[in-house]
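So that you can tell them apart, the chains are marked A, B, C, D, E and F in the order they are listed, and the count of residues begins at 1 in each.
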Amino acid sequence: MSLDMTNDRIPYYHPTGRECALFERAHDNGLPLLLKGPTGCGKTRFVEHMAARLNKPVYTVACHDDLSAADLIGRYLLKGGETEWVDGPLTRAVREGAICYLDEVVEARKDVTVVLHPLTDSRRRLIIDRTGEELVAPEGFMLVASYNPGYQSVLKRLKPSTRQRFLSIAFDFPEPEAETRVITAETGLPVPQVVPLVRLAGHIRKLSGMDLEEGVSTRLLVYAARLIGAGIAIEEALETAVVQALSDEPDVQQALRDLIATVYG
Amino acid sequence: MSLDMTNDRIPYYHPTGRECALFERAHDNGLPLLLKGPTGCGKTRFVEHMAARLNKPVYTVACHDDLSAADLIGRYLLKGGETEWVDGPLTRAVREGAICYLDEVVEARKDVTVVLHPLTDSRRRLIIDRTGEELVAPEGFMLVASYNPGYQSVLKRLKPSTRQRFLSIAFDFPEPEAETRVITAETGLPVPQVVPLVRLAGHIRKLSGMDLEEGVSTRLLVYAARLIGAGIAIEEALETAVVQALSDEPDVQQALRDLIATVYG
Amino acid sequence: MSLDMTNDRIPYYHPTGRECALFERAHDNGLPLLLKGPTGCGKTRFVEHMAARLNKPVYTVACHDDLSAADLIGRYLLKGGETEWVDGPLTRAVREGAICYLDEVVEARKDVTVVLHPLTDSRRRLIIDRTGEELVAPEGFMLVASYNPGYQSVLKRLKPSTRQRFLSIAFDFPEPEAETRVITAETGLPVPQVVPLVRLAGHIRKLSGMDLEEGVSTRLLVYAARLIGAGIAIEEALETAVVQALSDEPDVQQALRDLIATVYG
Amino acid sequence: MSLDMTNDRIPYYHPTGRECALFERAHDNGLPLLLKGPTGCGKTRFVEHMAARLNKPVYTVACHDDLSAADLIGRYLLKGGETEWVDGPLTRAVREGAICYLDEVVEARKDVTVVLHPLTDSRRRLIIDRTGEELVAPEGFMLVASYNPGYQSVLKRLKPSTRQRFLSIAFDFPEPEAETRVITAETGLPVPQVVPLVRLAGHIRKLSGMDLEEGVSTRLLVYAARLIGAGIAIEEALETAVVQALSDEPDVQQALRDLIATVYG
Amino acid sequence: MSLDMTNDRIPYYHPTGRECALFERAHDNGLPLLLKGPTGCGKTRFVEHMAARLNKPVYTVACHDDLSAADLIGRYLLKGGETEWVDGPLTRAVREGAICYLDEVVEARKDVTVVLHPLTDSRRRLIIDRTGEELVAPEGFMLVASYNPGYQSVLKRLKPSTRQRFLSIAFDFPEPEAETRVITAETGLPVPQVVPLVRLAGHIRKLSGMDLEEGVSTRLLVYAARLIGAGIAIEEALETAVVQALSDEPDVQQALRDLIATVYG
Amino acid sequence: MSLDMTNDRIPYYHPTGRECALFERAHDNGLPLLLKGPTGCGKTRFVEHMAARLNKPVYTVACHDDLSAADLIGRYLLKGGETEWVDGPLTRAVREGAICYLDEVVEARKDVTVVLHPLTDSRRRLIIDRTGEELVAPEGFMLVASYNPGYQSVLKRLKPSTRQRFLSIAFDFPEPEAETRVITAETGLPVPQVVPLVRLAGHIRKLSGMDLEEGVSTRLLVYAARLIGAGIAIEEALETAVVQALSDEPDVQQALRDLIATVYG
């Protein structure tokens, strides 16, 4: 499957458990879903995959420090001397009974809870206080959020009153065979060249939390495979897609190069 | 009772004491009311229930870091080159003699006290300083606020001068029989399948304040019951609705799984 | 006297010293007045009482973190494509020679001093810098402010250069007989039922500063009396108007219940 | 001299040294002047006095945390669909060759230095960057600033690059005879009743920096004298104008009452 | 090559490894690229060089504390009473399939990740939430970012979820022969005069991280060479372009002068 | 030379080294220049002097905490319902090939680097992102900045990536003979009266960094000389222009008076 995939195909996703069935049950019962797991382990891809399987549009919002309720709900814009209301992505998703995906939801500003609470309890209402409109979420609407437990800090965390409104699924990097299949599917690199990449990833991920903040993502392995497929030497491809991409510390970089030598030596 | 309940029915609420009578007396005497208790113990549901019983509209505001007085009172919007005043939810509640419910009131910005103080003493006046208008709250108007004492911090707390303007009722999770009835009513799951869920909740709530920030809410039990009713295996339903929903710590998650094994084993 | 009192009557106030004469002399000599004392001891009521006695309107501003000079003085609003000046409460008070009451003045933003300083020294001028207008306060104008010394912190305090512009009167809770009279007058509850309430208040106020941030206000006693008068059992009325209203700590709550048992047992 | 003094008279000021001659020389030579000293020792009065003697208007700005360059220079206001420039007090003073007095200049925001620097060196220019206009200060223009060294903190201080642009005069409370004359002149109270007030002030000011942040200002003595003249008992007048006005600490208040007893006993 | 180079020539760049081939492969495969290295080592020049070789326009954005998503994407401006959308540099680059270069990307505000994430994963979409437009990046579009690992702090760092979306190339100062060629090409100074400059730079860069925050950049060497070529004495040229430019500490300045004496003595 | 100098004369400046030649070479080669040194040592005067010698206009910007890129580049103003672009001082300097002088550049906000970086490397471009305009700086344009190394703190410093874009010249107070000539030229005070002033300055500057944050500036000496010339007694002139101007600490003030007694005694 290529990066230029068109939207009318279902994005490739390799399940690691019963997460697809859980997503469908949550969707059928109108229950919000929280996806937890490290960077690049496939949470976003999973949402896109499920949305395509359920044949629904998905509105993705990458959350950040300055993301406010208005960014989700909408705001007035000045047009022709008149203020005109423009729906935000969450409002669009509610109106259309679509999926709204809040990526890294803990990063959002606190006023986002104003929007999420009445939408995730028995009221299922989106209150657009600027216009006084109240939308009742139709049956197909589903709220999905993701976050990375490794980032949790005292300042940035989900309050229990928000967190306990979501079913939660823990994600992790795929098993070796699964990851090999993913990389092969994404890049077309032959399996024998992908196997040592995945083996290397396994070694690196054991360092995570010690010297490395996070283990290597499947995405970086795809990058490396793509460079190798484009004729770049393995050592150079891994230097740019793994060693330099993961760390600035000479010691850690050397440790990574030692792991590479162990796998490829 | 389903999540798609229509507004013309009285939301299900199972009283745990004399809180319904107290709410009615507070309403009759125009006294503000503060509901204290943990996440998901039914404070919001109680307000919706009482509002329906008293046949009054309720304006709910989920408070947050950036909620200001203007968000409650209203603001000017630019329409057709003119600024036009639009009432906020509190102003609407005062005008209509309705109930205004400030959920998690300690999260609001400090200027909210400007609005609440003259409205909660003998003056019972809402001062709309931007327009110079002063509304005297009619007899039926009632202010209800909630907060979670478990969240109180030095930075975010109710000042005594605000707090002492409210009657206060403490809420807690319902007793086992009551909680069983609630979950059965909400999900239709047969009582024998609900009883161990409630037993599990009792065990988990004893952990609260130690390893768990908050005990499991009735809402999460409803989620679990709903998944079980939809054919998901018990272990998997509890993993997603309880274990992963309550904690990211492997130790705590294992402790929760041990409790599940104790109850279901 | 009921909560629905109309404005043409003088609000009930029971003097505890010579504060009424001092207020009148300050008013006659154009001297600003600072009222110091705990929450709910009657400072606001005193101002409303004196204003009614002097037959003057009073503009009350509850100060807070975000209250700025513009909120006091006024601002431009956009109307019909024109900016139109709208007086703030302080400007209105100066124009009309009325009383302006800044409740909890230490909470206001620092730029408020810009307004207060020239108004509280020999110049007695209100400078409206946005319009370039300068108002000389007429003889009847009086500035009153209140604050609670118990809240004073390093960050929020009156600078000496501001504080030394005010005469200061210290307030405290009323004496038992006076408080009994106030509660009876407010609620109509017979004196024999009010007396133990006031006795309880005396016991509780001795705890203030130790486990309790502030002692119980007269207002909460009025709430309790009102509930008792509406047929709520004494224990329940005190639980909701005193125990839960004053503290979230189980230990402190139990201590309060023990005091209740002592008084009522 | 009464508080209702009209502007065509010279405000009363009793010199304590050669400050009047220094002010005149600074004015003649176009040198900026900084007045240093405690609260209420007469800095503002001195500026008003000198301005009247030199027959010049004075534009006073009480500086604060949010005072910005635009507040001094001016800003655009929207009028009739057009933005219209409105001069700030500093610009008005420069245009008219008047005196501009920045009271408590350290409190102003840092961008104020943008305005002050080119105006206080050999360029003597006021740069109005919003309009592109540059005013050369005419000969009579003079910049005066005040600050209270007792407030200096690490966060709020005059940078040497700003401070070294001013001549500086240190002020302190007036000598007893001088202060007696001031209070008599302001209130009409007979000298024998003013003398013990001034004696009391001398005792209190020795406590300053220890238990008291600042000694009692002449202004508070004037307040006390005025209350006494209006028939309030001495003890009560001093309680409200001195004891309660200076401190909230019972210990300090008792020490002040002991001093009063010493002087009046 | 002069500083006045016209845009139709390829800016001079001396490769130090296989970075040109890597840039081209990244470009062909639509992979984002991160350039890491110290100040003035040629990262910006490298991007301009590669853009010229690939015959593509490059939109450069110097990131900073206040750079927000709107600065990259675009915003509405008020024109003739209408709000009119104006594309930001990133949007322009996406529309034209050009290169967008985010210099010192860690300095940008956090909401920039909203823009970068969907643009740097398999979606390759730029979401313009204000207009609701979604652009799919055409094949030629490439995102390049730079940062200096020496500046990394706890507050300002690339989150792994952002960082792992980029291939990374580490840059360092060029080798002596290469740097000599660069300086000669830039300034026209004869090689024998450039050689000691480059030797000096080698000595100075060994001090980096100890007394010096960063070693001397090639740019400062070019400045020194240019001054020497303009007839300024070597000692003076190095004092102004190296000693004073690198440090304010007398000790460090003396150490630098000692190095100069060693090389030129 | 008087303070009322007209712009068609060259401001007096006494060179202390080869700084004039360096400035001219930097100007000819289009190299940015950084002037480092203490308050009041003549950096601003030097820029005005060189600008007059080179017959160029100079746009001076006193930088501060809130100075942003828009203040330098320009902004839209609303005129007659249309937004109209108004150039900032930097844009004006670039358009006219003039000198732009950023006084105390470290004080500016961080987004100023966005403007300075492309203008101070080989691109020499000013990017006006709001209008999409890109100006190439013409040959005569020169950027000059100043800062005071004594103020450098962790929070406010020039990043190496900015700093290494400038040639740097260190300034200090002038030598005694030079300073005597400057003060005589500025004030007309006879040399024998100026000599002890300069001697005093030498003593005081040795205290700098110990009890005094900065030594006395030449400007304050000029003030003292001017007061002495206007007939103020020496002791009084030095008290107001030196002692009180430099410090609020009684100990330091006494030390300064002792130095005065040593020089004049």
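Going forward, a residue touches a chain if its C-beta (ideal position, glycine included) is under 8 Å from a C-beta of that chain, and two chains touch if they have at least 3 such contacts.
Keep in mind it's a predicted model, so treat the numbers as computed, not measured.
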Shortest walk length in steps over touching chains, chain C through to chain D
1
Mind listing the chains that sit against chain A and also against chain F?
E
Using each chain's Cα centroid, which is most distant from the centroid of chain B?
F
Centre to centre, by mean C-alpha position, how many angstrom separate chain B and chain C?
30
For chain D and chain E, let me know how many angstrom lie between their CA-based centres, rounded off.
52
Touching at least two other chains at once: which residues of chain F meet that condition?
78, 81
Chains in cyclic order, anchored at chain B, direction fixed by chain C:
B, C, D, F, E, A
Looking at the complex, which residues from chain A come into contact with chain E?
3-5, 11, 39-40, 44-45, 48, 60-67, 71, 77-81, 86-89, 103-104, 107, 148, 151, 213-214, 216-217, 219-220, 223, 226-227, 230-232, 236, 240-241, 244-246, 248
Taking the complex as given, what residues does chain E use to touch chain A?
18, 21-22, 25, 28-31, 34, 36, 68, 76, 78, 81-83, 109-114, 117-118, 121-124, 127, 129-130, 132, 139, 149, 152, 159-161, 163-170
